[in-house]
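Each of the two complexes below includes subunit A, the first together with subunit B, the second together with subunit C.
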Partner chain A sequence: MSMKYITPAETFKKYLPKDYVELVDYGPFGKSQEEAGPGNMGQFKELLEEHPMCSGCWMAYFIRVIFAALPNPEETVTLGTAGCGRLAISQAAVPFIYGNYGDQNAMASGLTRAFRLRFPEKHKDVITIAGDGGTMDIGFSMTMHSWIRGEKFTTIMLDNEVYGNTGGQESGMSPQGAVLKMAPEGKKFGKMPATDLAKAAGCVYIVRLSPTNIKKAAQIIRRAIFVAREVGPTFIHAYTSCNIEYSIPTEEVFKDAKEKEKGRFSFDEYMTDAAREVIERVEAEEKAARKARKEAMKAGAM
Partner chain B sequence: MYYVAKVDSDKCADYKCNMCTLYCPEANTLMFDKENNTSWVDEDRCKGCALCVYVCTDLLDRSCITMEMAQAQEA
Partner chain C sequence: MSQKVTVGPAGYMPKSAPSMGVELAPEGQALLYGNCVSEEEAMRDAARAMLTRDNPTIFPGPQVLWDWKEDVAQKAEAILELASEIPNCKIIPMPDYRPKYPKIDVKAEINPNHPNLTILDNKIKACIFVGVHCHYANLSLRMIRGGTDCYTIALCAYMGHEEAMASIRDLHAEDIRKLRDIVIEEREKLGIKWTAKMPPQNPSLPKEEFETLNAADYGEFRSLLMPRRGEQVAEVE
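Up next is the complex of A and B:
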């Protein structure tokens, strides 16, 4: 998509669904992060809409942050696979492609290459958002190979440490000893070292985080997208708890995320020199643009 | 019957912190009204997880949000 496809003709506006017109007028399409970004969620119409995820789902929250942080929502395509995450991702006003059991990174490889051929003059962002099962268990080979080939797109793993959508089977990312509905004896081996695997496979920007600080989480998502545009594959490993399978009271989901941040989801950022260069350049550009806008606003107010 | 979040708008307007709206897992549900400087809840969309109560009461010690029984609305 592009801005041209999203913006409706004035004459037809009154016949279009109200939700759609509101999204174009008050949504994040074509706006800066200060106007419609994670910092002022709740003050604009969000890309994500009513979703069927459980009450107090931390994964739904992180997906909301992802969509608010997108640098260019009108030029973005998301891919996902079976799992809880796609229930919300497919409800957003960004084109979504549903992969067949773990092939989201294989599809994204082709898609990002095709976009680069078809639109050489602009950046089309391709982002795969899948759960721990889709990325590290079922889609493991396709994920690893897309990284080894150096495909330029962003992979986000929503790690809830369980197969939550199918009733609580252990996944490769469940911690050792985790007792789940369909793993009653406790898991016998540890968590897969996802970030180390990504490093070995050649990802240029890798982050492990528990999304408790919204500003930091948004910055990381944007960094991963900017680096993927130019340098190579990027990977975000985010903790998005499953309050149903791990029996976390809904009001304590945030507290649990903070506890995990001190434990196995401690913040870890890795980047190559080429990635650092891109990040420094883009963030300096953003800062300059922000300053220019502020000054323009001040001049307008006077 | 089920519980939904309810914002005490007079109390909330004193702080105008806009923190709870950042941590709701539902999109377009807990909104911030810039004119009156208060958060408000779309009751039809609230799933009653009380995450906003944790943010407002436990983290910020402001206690502007409570969980209340949803009012049955006439069709």
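Up next is the complex of A and C:
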């Protein structure tokens, strides 16, 4: 929760496991996106490496992207609830709070407010990352109320369109007609209009996407976080297929994500004027910083 | 003196120490087997346990491993001095509290979600918890008492821990040095010859070579692997 917490006491450094030493020396803490971001994943020590997700899990990939895209990982707290996602999120080197069946947005509300009182001079990013069940079914009321209250944090819904962790029950986000292990007759009604609900409830930045493009997905995650710092609640609705419950062969997971991008997960970005202002300002600042770094490197090389 | 909290294994779901009538020691006193005693008495018993039981180990927690506060460096130094005076003492850290799945490197770290794995694998019969946040120390100490025969010592900067066999409260760098002196005294009384020596470095596993690593190397965890870049897994268990 600050750079101090990831700086080892000098005398103990040699007693820390190598994993931690590497995280401190080669991790993304205190670094820019060019040094340690989604563009060069695999070349730095990532916040999330080992996890128990299924082989070919698209959700695990997107969670890695989320952690690689964080603008300030040392000042970030994530919250989640029961579901597949938390198995990986809880193992990342970012503080994680495990909500009790869908109350992640209620907890995040209190946490954000407390951070703003306790650290008025800093941006402490609060992000809830939960599945479609946790966000739109079990946690629906708490999610909606946090948006209606205008709580300033980011909500990311990992939509795999099923309760994958408990054996394949239909969720509110499963598409109409979906035949699942525990919904053998097929789902009788359609997907909940999550992004429309978010808009009606007052979210200031809303995106629906199938994260097939790493850079674009990372840019959206960062935008959502920057806007939440200043303007209001932000929401990302991401397709993260469950290749087990939907029987998608591992080698076709990416193809499936691409197909969904053309269908019900077509890219859709909504932002209010205030959100646009923040995004334009922050991205202009980032661009200037990148340019300055490049020039400094050139000068150093000469 | 009847012993309320004893070395385990107490069995599955052991009764918690507070439910057995153990209360935290008042300021200036310590807990030994659940009874209030003088700080020195608890320190002497703890020292004897660390000197006579197999594989004594110190488990430093996040509060002393990370440089988050001014007095951390001093405390860390004192802990190393203490470790150097205990024959063949090891240091196995608890750097944070996140769960470690699918596997934990039990030689390199201890995790509060399953501390018994590290204790049993390393055959540790006496250990010191220091710098672990109280709620996680309570959880770990109770699990250790439930599932292992390890003598636990809690060196706490706050109010101490009922679940440990010996619990010393309000403990800072100078108190750790006092414990070190008691360890030296008891060691001499027991006639153990030892020259102060730093514990061995962390034996964490070498970095995995992904180029040569085979999926079969992961044994029962094979199905939990993500494929390598470019690899396509056609068959799964």
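As a working rule, the second predicted complex is superposed on the first by the 302 of 302 C-alpha atoms of A that agree within 3 Å, B and C clash if a C-alpha of one lies under 4 Å from a C-alpha of the other, contacts with A are read in each partner's own complex, and residues count from 1 in each chain.
Throughout what follows, contacts are C-beta pairs under 8 Å (C-beta built on N, C-alpha and C of every residue); 3 or more make two chains touch, one makes a residue touch a chain.
Everything quoted here is computed from the prediction, not taken from an experiment.
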Is A:280 touching anything from subunit B or subunit C once the two structures are fitted on A? First, second, both or neither. neither
Have a look at where A:4 lands relative to subunit B and subunit C in the superposition and call it first, second, both or neither. second
Which partner does A:40 reach: the first (subunit B), the second (subunit C), both, or neither? first
Could you tell me if A:25 is touching subunit B, subunit C, both of them or neither one (first, second, both, neither)? neither
For A:254, using the defined touch cut-off, is the partner it touches subunit B, subunit C, both, or neither? Pick first, second, both or neither. first
A:50 in the overlay: touching subunit B, subunit C, both, or neither? Say first, second, both or neither. both
Examine A:214 and indicate which partner it touches, taking first as subunit B and second as subunit C; both and neither are also allowed. first
Counting only touches as set out at the top, which of subunit B and subunit C does A:58 meet: first, second, both, neither? first
Where on subunit A do the contacts with subunit B and the contacts with subunit C coincide? 42, 50-51, 53-57, 60, 250-251
Subunit C residues touching subunit A in their complex are 60, 62, 64-69, 72-73, 76-77, 80, 91, 93, 95-96, 98-103, 105, 108-109, 199, 201-202, 204-207, 223-227, 229, 232-234, 236
Inside the complex, what are the residues of subunit A that reach subunit B? 38-43, 45-51, 53-58, 60-61, 64, 67, 214, 250-255
The residues of subunit A that touch subunit C in their complex are 2, 4-12, 14-20, 42, 50-57, 60, 87, 90-93, 96, 249-251
Residue ranges of subunit B in contact with subunit A within the complex: 18, 21-28, 30-32, 34, 39, 45, 47-51, 53-55, 58-59
